Amino acid sequence: MIEVEALTKRYGSTTAVDGLTFTARPGTVTGFLGPNGAGKSTTMRVVVGLERPTSGTATVAGRRYADLPAPLHAVGVMLDARSVHPGRTAYKHLLAMAQTHGIGKARVREVLAQTGLEPAANRRAGTFSLGMGQRLGIAGALLGDPATLILDEPVNGLDPDGVLWVRHLVRELAAEGRTVLLSSHLMHELALCADRVVIIGRGRLLADATVQEIVARSERAGAVRVRTTDPEALARELLTAGADVTPQDGGVLQVHGASVDDVGTAARRCGVTVLELGAESGSLEDAYLQLTGDSVEYRTADTLGRTR
Amino acid sequence: MSAATTVPGAARALATARSGPTFARLLAAEWTKLTSLRSPWWVAAVTVLVTGAITYLSAQASSVDSGFQPVDSLSTGLVLGQVGPLVLGVLVGAGEFRTGAFRTTFTLAPRRLPVLAAQVLALTAFALALAVAATAACVVGIWPPAASRGIAVDLTGGDAPGLMLGMVAFGVGLALFGLALGALVRRTVPAMLTGLFAVLILPIVLMMVSDPMVGADPASTGLVDGAVPTTVPGTLMAFSPGGAAQLMTIPASYGPIDGAPDLGPVGGGLVLLAWIVVLLAAAAVRLHARDVR
Amino acid sequence: MTAAVMGRPGSTGLRVLRAEWTKLTSVRSNVWIALGTVAVAAGTAYGLGLFVRPGDGRSGSWVVTSGFVLAQLGFLVLGVLVGTSEHTTGTARTTYTTVPRRLPVLAAQVQVTLLAALTTASVALGASYLATGGVRAVDAPALDLSVPGAARALLGFVLASAAVALLGVGLGALLRHPASALVAGVLLVLVGDHLLAMNPGRTTDTIRAFLPSSGARLLQDDAALAGLDAVTRGPQLGVWGGGVVLLVWVVVLLAAAAYRLSRHDVR
């Protein structure tokens, strides 16, 4: 259980996290989403005690992280692939971690096997690819068999095989009753493995709900997409019937406030040929882009055009 | 690897009584960290070799003098050899911050300060072994020149035991001085530069001030034979980290450096210790009170 | 590749040079190092000047240029940072994919460092002269350019500073780790000479003569040089010998760095 309560973190005049409140519960995978610079990593660093909050609190299992008697057993943390000395082998890195909590070598071998790093155990971490570094980070997080896991961008740089493995791993960890908080930029990935999603922008909470609830908020959710030979005629017909119509490229109309049946009937009424007709389903990505539209710090002009 | 992986550890009850980072455990972890890198071993090997070799060459060069005393040459190799422990200390102190490994370290031990203490202790042990090996190399280095003159080296009497003890303390002290600088500054290059300046370069500058120029009239410089008054550069020298450390490698019977207060080897060691304690305290305050990022 | 380069002027020498100048001046620490070097040169000259007494053999040019003993560290650090910057920050990948032949980059780094070092050294010399005005009014000798070799000593300050900076570039580009390049540089330009001087003899004096630290002879006027040559048991380097030794070191190190850069992988 991770509880973040009215958390604020300022660096001089910039506010990285601004009154953030959310809870990650046991038995669920909580996805942590936000644009670059939204404050995700800062929040995670405050939760694990590397930084102190300016105000507010962050607790794990009801305690401040620094007050945990055995942090490695309570929380498995993977913050940044660059949290390893490049000159140290994977095995020695994990061994030094294990020694701080009196964990034996057998467990180190176990997590190396579990993360597929056994063949690379005696290679220096500096020679690792990005994906292998991620696996080493996850191995460190699993080492203490913790009830809570905090993973910052765990699938970053992993091959498709590795992405699939992480997805299964976090689902399984949650199924065992553990709390999993993971951040990711890969919306599709989060939609597949997270139960709840916490979305922040510019340090503030934008949404905290189940994946289904958030998807349902998407603009496209419940809309009908229709492609015809004469979009103007159909649009007029639909508008008089009281629906909202948004014209799109290639003779496509996006219709709100009418069912697929309504649109089909209207097309027949005005005599246009229907080339394509179907209900649109919202996606987490759409919902996310709408929510964070105003709070993106760095954005390409292209994305700007596409989201509006 | 297979996509579906089970969690072997999960079966072990989450409730098993499991304890956290005790000091002994942190010490074991810091020892593993120190000895699992290649650089400490390289630094140690080069230090021992260079120290022994320079001592040998210097003793060999002095052995032609009529009043050659092998023990007097014992610590000559340390003048260059001191770079080794200093560099080692800076690498250990700043290494975690330079590489980002500190994030792992301080999430495992969120109270932080015991980690610094464990680092100090682990480095002390390593540097002690290094300093003993370097001192042994110096002893080996004076042997052939002494033998060539038919002089028996007596390490049990006179200045020798105290000098060897001082040489070991010198090595350990400089390593800890480097560690304290590294932990305070957190960046390798500035910490290294500060260390080299304080230990090697400052004494040279102070010597530039007090030594007469080549060809100068000795009478005019005040550096004539007899009692030399304590001077500002001499005092700065004795209380600088490098100058104080050097006092430990000068046989007690030599008396003070010209113009410097007579601290003796023990006094020099205490001055260096004071520097280490002050810098470590500053590093501890920074570590405890501020965020680590 | 050759065809493409010839068809469209891509990375010409001048453009590479301009790119390197931008890199040097846009890193704030480099500017601070340059300013710090000036301050250290002037401050050291003033501090050492306080202890100069009439008749102790120190000339007016010695007082003005005495800050070199510490200021050369600033030049060394500047050079080392330029030489290693590509390799420590990972910009090597960007730089060497833009300029795949690589060597023009090293050449540009050398020129940029040379320019920056000459400028910094000139400013440092001026600052040292102004800073030592106070001590000249007391006991220190006045700067008299009619003293044989005095003017050369002032020029030597600038030349030796620039050479030490280039030595830093060479060491940095060769060793690629700032810490090791820095330790090697400090030993070569300052500490090695000092250690050897503690054991004067034919061997040690010969080694001293061929260390880069011999370049500091450029800062001595004729009388001081004659004094040094009179006591050495090694080779007598004369007026320009020390400068030549330093220059040879710079050239050899840069050549070794160029060899490593062109023959070995950049990671």
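A, B and C label the chains in the order they appear, each numbered from 1.
The criterion applied here is as follows: a contact is a pair of C-beta atoms (placed from the backbone, for glycine too) under 8 Å apart; a residue touches a chain by one contact, two chains touch by 3 or more.
Just so it is clear, the structure is predicted and the values come from calculations on it, not from any experiment.
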Taking every chain's C-alpha mean, which one sits closest to the mean of all protein C-alpha atoms? B
Contact pairs, highest-scoring chain pair: A-B
Quick check: how many Å separate the C-alpha centres of chain A and chain B? 49
Separation of the C-alpha centres, chain B versus chain C, in whole Å, is 28
Report, in whole Å, the distance between the mean C-alpha point of chain A and the mean C-alpha point of chain C. 52
Note which residues of chain A are touching chain B in the complex, please. 45, 48-52, 65-66, 68-73, 75, 77, 79-80, 82-89, 92-93, 95-97, 99-102, 107, 110-111, 114, 116, 140, 142, 144-145, 147, 161, 164-165, 168-169, 172-173, 176-177
What part of chain C is in contact with chain B in the complex they form? 44, 48, 51, 53-58, 62, 66, 69-70, 73, 77, 81, 178-179, 182-183, 186-187, 190-192, 194-195, 198-199, 201, 203-204, 223-224, 226-228, 230-231
Per the touch rule, the chain B residues reaching chain A in their complex are 1, 3-10, 12, 14, 18-22, 25-26, 28-30, 32-33, 36-39, 95-96, 99-104, 106-111, 291-293
Under the definition above, what is the set of chain B residues touching chain C in their complex? 54, 57-58, 61-62, 76, 79-80, 83, 87, 90-91, 188-189, 192-193, 196-197, 200-201, 204-205, 207-210, 212-217, 220-222, 232-233
